[in-house]
Amino acid sequence: METVIVKILEEPELNNPIMVEGLPGIGLVGKLAADHMLDELGAKKFMELYSPYLPPQVMILDDGTIKLVNMELHYWKGKKNDLIFLTGEFQGITPESQYLLSEKILDLSKKLNVSKIFTLGGLGTGGITEEPTVFGATTNKGMIKELEAAGIVFKGGGAIFGASGLLLGLGMLRGIDGVCLMGETHGQIIDAKSAKAILKALTKILDIEIDMTELEKKAEDTEKQMSQVGKIISEQKKAIKKQQEFIEETPSYIR
Amino acid sequence: METVIVKILEEPELNNPIMVEGLPGIGLVGKLAADHMLDELGAKKFMELYSPYLPPQVMILDDGTIKLVNMELHYWKGKKNDLIFLTGEFQGITPESQYLLSEKILDLSKKLNVSKIFTLGGLGTGGITEEPTVFGATTNKGMIKELEAAGIVFKGGGAIFGASGLLLGLGMLRGIDGVCLMGETHGQIIDAKSAKAILKALTKILDIEIDMTELEKKAEDTEKQMSQVGKIISEQKKAIKKQQEFIEETPSYIR
Amino acid sequence: METVIVKILEEPELNNPIMVEGLPGIGLVGKLAADHMLDELGAKKFMELYSPYLPPQVMILDDGTIKLVNMELHYWKGKKNDLIFLTGEFQGITPESQYLLSEKILDLSKKLNVSKIFTLGGLGTGGITEEPTVFGATTNKGMIKELEAAGIVFKGGGAIFGASGLLLGLGMLRGIDGVCLMGETHGQIIDAKSAKAILKALTKILDIEIDMTELEKKAEDTEKQMSQVGKIISEQKKAIKKQQEFIEETPSYIR
Amino acid sequence: METVIVKILEEPELNNPIMVEGLPGIGLVGKLAADHMLDELGAKKFMELYSPYLPPQVMILDDGTIKLVNMELHYWKGKKNDLIFLTGEFQGITPESQYLLSEKILDLSKKLNVSKIFTLGGLGTGGITEEPTVFGATTNKGMIKELEAAGIVFKGGGAIFGASGLLLGLGMLRGIDGVCLMGETHGQIIDAKSAKAILKALTKILDIEIDMTELEKKAEDTEKQMSQVGKIISEQKKAIKKQQEFIEETPSYIR
């Protein structure tokens, strides 16, 4: 089985596209930001990525149909640059698969002529702040001045885990410029404020305007959905775990 | 080593076959249902599937011979459709192997011209009910009306884990219709009532009649077998674990 | 890297060879038995098997040189049948690797024209007995009578884990006859008595005589070595674990 | 994706090179020693090795740019022998990957005509000593006398884990001579004294002189950096873990 099964829905002609990654991570900051931005811009889904390195599960949608967990690419035609959004419900579930998936996404990026990647995430501090700082890290020292002009703070130290880090690190080996924007966040809560701070900086850099009104609501909805659905899922998970122990203890009970 | 070693016992000509999956899961609901149905119909084993992604163990049968753990396919010649039952003692033991095994089963399904897959499972609620609801989820919105007519309830939310989910999700990418039937169940007990509820719905859809008398007994037998065998296995497991720790602590004790 | 790196020391001509497996397992019963038997017979090492599925470690020998952990094959020229002993310090460390290693050993067995495999192990009961029963399980029902005549007890139920099970289960798929001899044992101690019981049965079947005097001593030596070496290793392991946590907590401390 | 992505910065002509491995391990003894030695000698980086078997993370450097975690080779032109230093922030993160990475490094060593490998590490004793002994283990009995003359102590027993062991064990299968030098150390602290003891022995064997003044400072700096950065990282890690549990509990919260 391939590392990634790519389902192409459309093959848009893209003009000097920039990729914006918003997979789930700390405080869901990056995911909230990317999901909100693609919704506001009306970006269009053109690729679905399925992989054995994502959790082995399907979601049951509101209409009773199912959806295999995946990553998705949406595009938006901009003035200067077109944008490609990389979003999804999960990141790769093993350390090795993080690398494999990031490599595949970089393969796709190359085919799509992506010139630059912005990865979005949170920087967990354990504290709560009204005005979250947006920290930056980049593959290209030459870009720092411009990014600082948009209010992004560069300070050394720390590390970036998962896709937000690897797309930069592995991209660098291929000569793709990358920037990670990290919104200051508590770490244990879904943080719309931090997502907003990131989006302000990102839209300033990209010279795009988007409405932020729905962002707070999106975070609330997400929170509500999570607590509702959470109960069902958690009950299922408990049952699965119990069942597995049960079966493992008694592997020869059948027939 | 191949993902799956296929041992073909017979190559039946099958007429528009429908696959029914009943691997172990929550409350053993799906497994009990499928095992009972294939027994009642007198379905015939025609394929054995062995895999390094199943646990590394053999069972000792009553006659002193051994059986390597596997998945099996049985077929039954019906009026409208022939049926293929997918059953086994285990599911793949890693998330990735869940995908790999489901893909292999879908490869086989294609060769066997399977047009539709029913996956059977339990939906753990943590509560006990006398009249378990059968919940459904499907790859094809067009099928919902017919399924609701058979008493199956569709409501959004939640997720389906393992083979019951992946055969649908990965099958959908290949254009195979799939339905998951989930019997409401406590989650921590072997639930014949829930299996019965599923079978009532499934046989109604398939227009087949089967006797349910033995189902309750099967669940009891399973329970009894499990508690008897469980003691031996559990003692073995404890010993293995201890031994492994022992060996790991002292890797250089030999020679 | 290959699943197994085979280092051939000698290519003996073997007459109708029977393989005896004694890798570490419950009570070290199988390992003790096989190691003692090959020592007593003066069997000669002819193959070393190295694998990335064994632990990543070397042992420091008494003379200050090192030995990469491995599995080894020894042969002994018998009257009726030659014997091949499969021994080693470890089994494969993941479920999947258990399958991969057993397949490789069966590949080798085929090349060596092995007609039958005896796998040796312990059956952990949690109790202590003066006269340990030897339980059997086999791939070939036709062999049971002969084995029972040597005092081996066949009763259904339970499972065999690891190489002792898989060599039989996977061997069966290739048409190789296999028998597992399991000595009754407590499970948490190194059990020379149980190893002796197995050897009595095995040598009776094979019509070979070996001296058992040194077996008790071998178990004592093993125990002593383990407790001495155990302290050093355990200190190293603790340090490694601490270090790893340390490093993981602070991945960016360098440069 | 390849086991290792090799980025070649320079292709130096090396004269009879000896490899010195100092990857992180017990007490960071080997890493401290190798890092200090290459700094003092002014060794020059000529190869970077990236791998999906290293942790999926990038470090944020002081200037705001990022660095994908890797292993690196530096060379130094000596009188008798040139030296190649193998250093890095991490070892392979799974047992199997330890083998795969060591094999790749040995492939490179062969291309670079490495004739001998010194691996550096700590031997954790749980105690603190003022004059740490340097213990040795080797692939080649013939080398012991010379090594003992440099004050290295050979005593049997124990095991060597990870790259320091495998480079010797796997190298032995390819006919490459190897020596492991293990500095006596507590195991739970970063130990400059033990690193110094190793370096004294190693430089004596190699007939090289290096200044040790900065070594103590390097250990202190490392300790300080670790405790500073540690707080940030640890907060991030906590947040990631929480987030992952959160997401796993509620896999269907999106859209």
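Should a chain be cited, it is by its letter among A, B, C and D, assigned in written order, with residues numbered from 1 in that chain.
Everything that follows uses one rule, which is that a residue touches a chain if its C-beta (ideal position, glycine included) is under 8 Å from a C-beta of that chain, and two chains touch if they have at least 3 such contacts.
Quantities reported herein were computed from a predicted structural model and do not represent experimental measurements.
*Asks:* Look at all chain centres (mean of CA atoms) and spot the one farthest from the centre of chain A.
*Replies:* C
*Asks:* Could you classify the chain C-chain D contact as same or different, where same means more than half of all interface residue numbers appear on both copies?
*Replies:* different
*Asks:* Compute the distance, rounded to whole Å, between the mean C-alpha positions of chain B and chain D.
*Replies:* 48
*Asks:* Between chain A and chain D, what is the gap in Å from one C-alpha centre to the other?
*Replies:* About 34 Å separates the centre of chain A from that of chain D.
*Asks:* Hey, what residues on chain B touch two or more of the other chains?
*Replies:* 55, 57, 59-60, 69, 157-159, 229, 233, 251-252
*Asks:* List the residues on chain C that touch chain D in their complex, please.
*Replies:* Result: residues 1, 5, 7, 50-53, 55-69, 93-94, 97, 228-229, 232-233, 235-236, 238-240, 242-243, 246-254 of chain C touch chain D.
*Asks:* Where on chain C does chain B make contact in their complex?
*Replies:* 24-28, 31, 35, 55, 57, 59-60, 69, 89-90, 92, 95-96, 98-100, 102-103, 122-126, 136-141, 144, 154-162, 165-166, 168-170, 172-173, 180, 185-188, 222, 225-226, 229-230, 233-234, 237
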